[in-house]
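Let me begin by handing over the structure; questions about it come next.
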């Protein structure tokens, strides 16, 4: 059954890519949806089997690669984590596939789109199911490839192609970290299989030093990989540009699934990370600051997808923060909720863009509520979910993370504070987005070629997925109600208990993580919760006050007037891209040109040729000295004789 | 029995003749003279043979000498034939004109 | 009186058998001269008929003699394996070359009876110098061949350069002869004998210096004939000026004769004065450098080949510098055979191309040759590659054996020099291929030569031999050389 | 019976089939027939190599050996055999040649017959060099390879072809003549130690008493020859010219097999013959390899000429192979790295060969290779785009393509011995992606800048016949590496573990009846 989960998307990809006739859009769409849908069904049954057994299940395929002492079987593992992930991937994947059919209606080459999309699903499944680092890495780079292809789907624009390339390369940097992690792991443990590694870690209690340097380096290099994939500082730069791809792609790959691979991977290897507190601290801080950093940029962006992109980066920051403070379950829970509401938001934005005929600038929108009632409703739910309004899923997951951060023994409050600020920003920019898009008067550009016909609601097969996602982004939250709330109704945090078997702290590292299970006064927890709720409300209120029924200029002018520098800086996204370009890419290009044109052609090649020229030149001169004079020849003969005589007699 | 000329003398003379001949070959620009100088070199060898045969006390050297004389004669014959041909071709017998082959 | 008569010993009958090749050649030479005087016999075809029959007869006698060793007149006539194989090769090659002359003969008034006579006398000289341990006979042989060559080079001024070449050759050659003779004289003075064996006898300490000087002068005089640097200066001019056929003759037969003679002499000399192996070490190194280096810029085909032949003399002289008692002689003969075959092929093609237009071939003349005459250029290619020592030709194996011998003789430095030298040489060999295959033929190219079956036969055979000896027939070849007793 | 005879002479048959077919091709009256003869010959040769692959028994040392005396009293013989190190390369050579004959099918130029004949002649040379276990015979084949390549580049090449081909030959011969001298020394040292002449490699492996200084110089000579062939930085300067000027077929075969001869020679000769010196040189070699990796990648990045870009990428890729074969970890080569190196040779042959062929496809259509003349080709030539992307991915070593397996194993093994080298080399992985994706982007994506590009015909059936198998191979080698590695692993491990006193036993002919898996 598990193999079917993998087989269907691959089959769909091959059919769409190579075998099927390419003209019929309906056919390609249908095949793609069918592939993912059936994969979803299989995934459900796999999950149910696992849930019934409650034991991780290993499925050995074949021995993929063996060289020397290195063995990498093609082996799949279904456990709490991968079981959940395949549900998310195939489930949300199905919805987005359905939606995409409508969104890509005008496209000529939908078969290409759906082939890529199915391939992505396959790779993602491989990533989450693989039971050793190598299989995971195959998926890891595979999804990178698909994202490259999909970002560059509209390859006729140079910019899209460049964006795709940027995504691939930045990810490759992370992948090198991942690779080095694998090498280190193999060097120190002689294996790359998760099951064996975890057992190794348990043995490590016997080691004198509970946190050997090796594990620090291993975890660090894997974290670099995570930074690449999950768009953390300093490697986040590719994600905003990745919005060049079609919106369903942004929803599926750059919000719901692929970008969370980093968190997934760290959770998979939580046993390692627990054993390396130093790395954990780095992880926590990177996560926290990414959250804030991206959120601040999102405050002023005007492109609706850009706002969502930065919000994704920020939310990923939360998840990484969660991993950093050792609350992997909270991280994964936020991953789950975020997958629902961010997919929802992106698809909603997609509908807006679709309705506005690919207009993405929010300043040209406004007052769409009456044109797009359903979209408006679901977007509203999504926004409430993400800003963490009590009762919505985001509330539970995000507060759990903030709480775990707060009780983190080292710098806990600081981490919490950063996350807290980020939460405020999130509330502000999401509400801003909502207001600018749906409320107030319409600011459509009258000169746009399509001003004469009104934006209209999307067809049913585009809004139906939205509704489902909206429902999920409310409901999912109740899986992970924090214990202290659950106790009120005599329940407990279902999600945490579900993950228990997976996220466990190796005995050697117990001492460092006692706080996770320590008892705290509920008052403190209540206090924090209420504070954040109040803070979110405040931020949201400000946003409403600023943007509802106000000309956009108002707030922009306000910021620009008082803090022009800051405003500009935020608009320029802190000029990170420019900095990279100018500090890294350009110098490299110059070096390369120098090496080629001067060093290679002139010096290396020159030396080789120079030998030849020397021989030829001197030979020419010498042969010119052969003047053809009888006497000169005679002189040489006699001189030679005499010389040799003298030379050999004395 | 009168005392014979010591070998060193004839040896030195032979060397002198040899180098005079060599110098002639190198310096003189007239083919005939060049040929004559070559004769001189060969004859220096002849002198050496004769003197040596006297010294070592057998006649092989003199036999050799007679052979060399013949050979020198042949050479002179061929050489002169060529000189004539050269004269027909170039109108004179100066070696400067023999510079077509070079390089 | 009767004392004198009694001392006259009758010539043993066996001598006539042993010396039959020489006798045949000499008689034939004289006959040819006489015939050429009376014009009605002096017809091209009859001349060639005569030549071929004579050569065939000589070969027959040679084979019949075989490598057995005779010695008459205290070694004045010394027949042995070296003499045998040398004469065999020389006469054989002479026949082959004559076959190459034949077509060009029909047009030019070349190869009149006198030329036949000169040709035969030159051969005679070579045979004589190969089959003697006595300086008198050696001198006669050397000079006989030299005289013949002087005349042959200049006899028919085929491209208005032959005469100059002949004069240069004559003058310089005579100088070398003088050196050689003077050396012999000194040897005779010191040892009191003109036989090679005398070298091995101890001499009076006062005479040591003369003996050594004599040996050196003899070696240098012969080194000149081999065109070893620094005595090479005549070679390019003469090779270029002489009619191609004669050039080929010099490049193959003369080289073989002189090398083998040097080898015989070295056997004695180096035994007496081992330290002089150094001499050839330097001469070889110098020739390899000079030959390959100067050939780089040559644009005349024959001139380039002349320089390359200087380099090849250098390679072969490497063998003289190491102990000549080992397998070196076999190696030398093997190399010589390969080299001669390649040269025959190259000069065959060159003569064929030159036939209609009497000028020396320039590299540009063969531009785009492969379009017009693919087979000819194929033959040229194989032969050139063999000279360059590229497998799968015999040239490579020859080089391999020589280098092996040299390494065995602990001359690694020289070997590396030779390796570098042959890398350089590849450049000018490749220039020929570049012209033939990679350049467009120029409109004013050669007049089309007419097909001649004889040339095709000869060139084809030698080329295929070059390849076969490099691959399948190596062993038989080596065994034959061994069987001859080298 | 015929089959047993074939079975017992399969090695020689494989070597000599192409050259005989080449003669046949030359004798063919018409071009049409000649093409088919050439194709049949190439395919026949491929089938023979498949026979070898099928009956090859992993871990049985040297198999399918044949030896005939060539020059007995000099100890020189014709001695061929197949072992795990060469097996994959043999398959690659025969396979590529088949494809190339198809690729050169409509090669409209003078003397196509000669071209095909030379191609087959070249194949014989390569196979001979790969199967030779006699030093002299190896050298003969090694030099023979040059001659056809010389003509292929020089006669059918670009406008600067004479310079390129002369440089190629002279540079290579310079190295190989020094190698010849070294080989002769080795040969005489064997005579000195055992009293008999022998150039049989198996005997030479047994040499123990080599003086250190001698080993040093001999290794230098051998290594230089191979380094020039690889080409290892800084001896690579002949490569860009040769590749750029050569016709497509020439570039493919050059990148596909000829360059591998260098690394193959390193594994077959330089390392096992002079282990002691190799240990001292390994750091130097791998450093040069790493420099080559990064240098090649950087230089390739800015190339305006697609073919030059691919050419420099070869410098980078073969750097990996060298690094992999020099990953010495206390007195043994890391078997992972060595496996990777051997595997990477094949990958590079396939993916780079494919890239060269694709560039050739472009060149046939537009008669230019400059990147700025292209752009947006994915629109008119979708299938071409697919193939180019597959080749690119194979060359950047994306998981699921052979390139990944090779590079991963090399880096993995190297990391165990020297992390610094491995990390620097993995930079090469990144840079590789940089230039290859740049190539893709500039050729395939973006707006169509030249209007003659709008109507370019897509890959034709004949081209597809060449490219699709290569594409399948690129993917297949990434998905089922063990299928290839199982055959060769024992030999590689044997070399890796025991290279310091390497022995290779010639085993009896594998029984004809037994299929793989029976033993």
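Order as written gives the chain letters A, B, C and D; numbering starts at 1 within each chain.
The rule we apply is simple: contacts are C-beta pairs under 8 Å (C-beta built on N, C-alpha and C of every residue); 3 or more make two chains touch, one makes a residue touch a chain.
Everything numeric in this text was worked out from a predicted model, so none of it was measured.
With centres taken as mean C-alpha coordinates, the chain found closest to the middle of all protein C-alpha atoms is D.
Contact tally for A-C versus B-C: the pair with more C-beta pairs in contact is B-C.
Distance between chain centres (mean CA atoms), subunit A to subunit C: 81 Å. A straight line joining the Cα centres of subunit B and subunit D is 66 Å long.
Distance from the subunit B centre to the subunit C centre is 26 Å, each centre being the mean of its Cα atoms. Look at where the CA atoms of subunit C average out and do the same for subunit D: the two points lie 44 Å apart. Across the assembly, subunit C contributes residues 167-168, 171, 175, 236-237, 298, 427 that each touch 2 or more other chains. Looking at subunit B, one finds that residues 22, 25, 34, 98, 100-103 touch two or more other chains.
Counting partner chains per residue, subunit A shows two or more touched chains at residues 612, 623, 626, 628, 630, 634, 638. Contacting chain pairs in the structure are A-B, A-C, A-D, B-C, C-D.
By the touch criterion stated above, subunit D contacts subunit C in their complex at residues 69-74, 136, 139-141, 143-144, 146-147, 150-151, 154-155, 161-162, 165-166, 169-170, 173-174, 177-178, 180-181, 184-185, 187-188. Within the complex, the subunit A residues that touch subunit D are 17, 62-70, 134, 137-138, 140-142, 145, 152, 155-158, 160-162, 165, 168-169, 172-173, 176, 179-180, 182-184, 186-187, 588-589, 591-593, 595-596, 600, 604-605, 608, 612. The residues of subunit A lying in touch with subunit C in their complex are 612, 615-616, 618-620, 622-623, 626, 628, 630, 632-634, 636-641, 644-645, 648-649. Put simply, subunit A touches subunit B in their complex at residues 623-624, 626-631, 634-635, 638. Contact residues on subunit B toward subunit A in their complex (touch as defined above): 22, 25-27, 29, 34, 95, 98-103.
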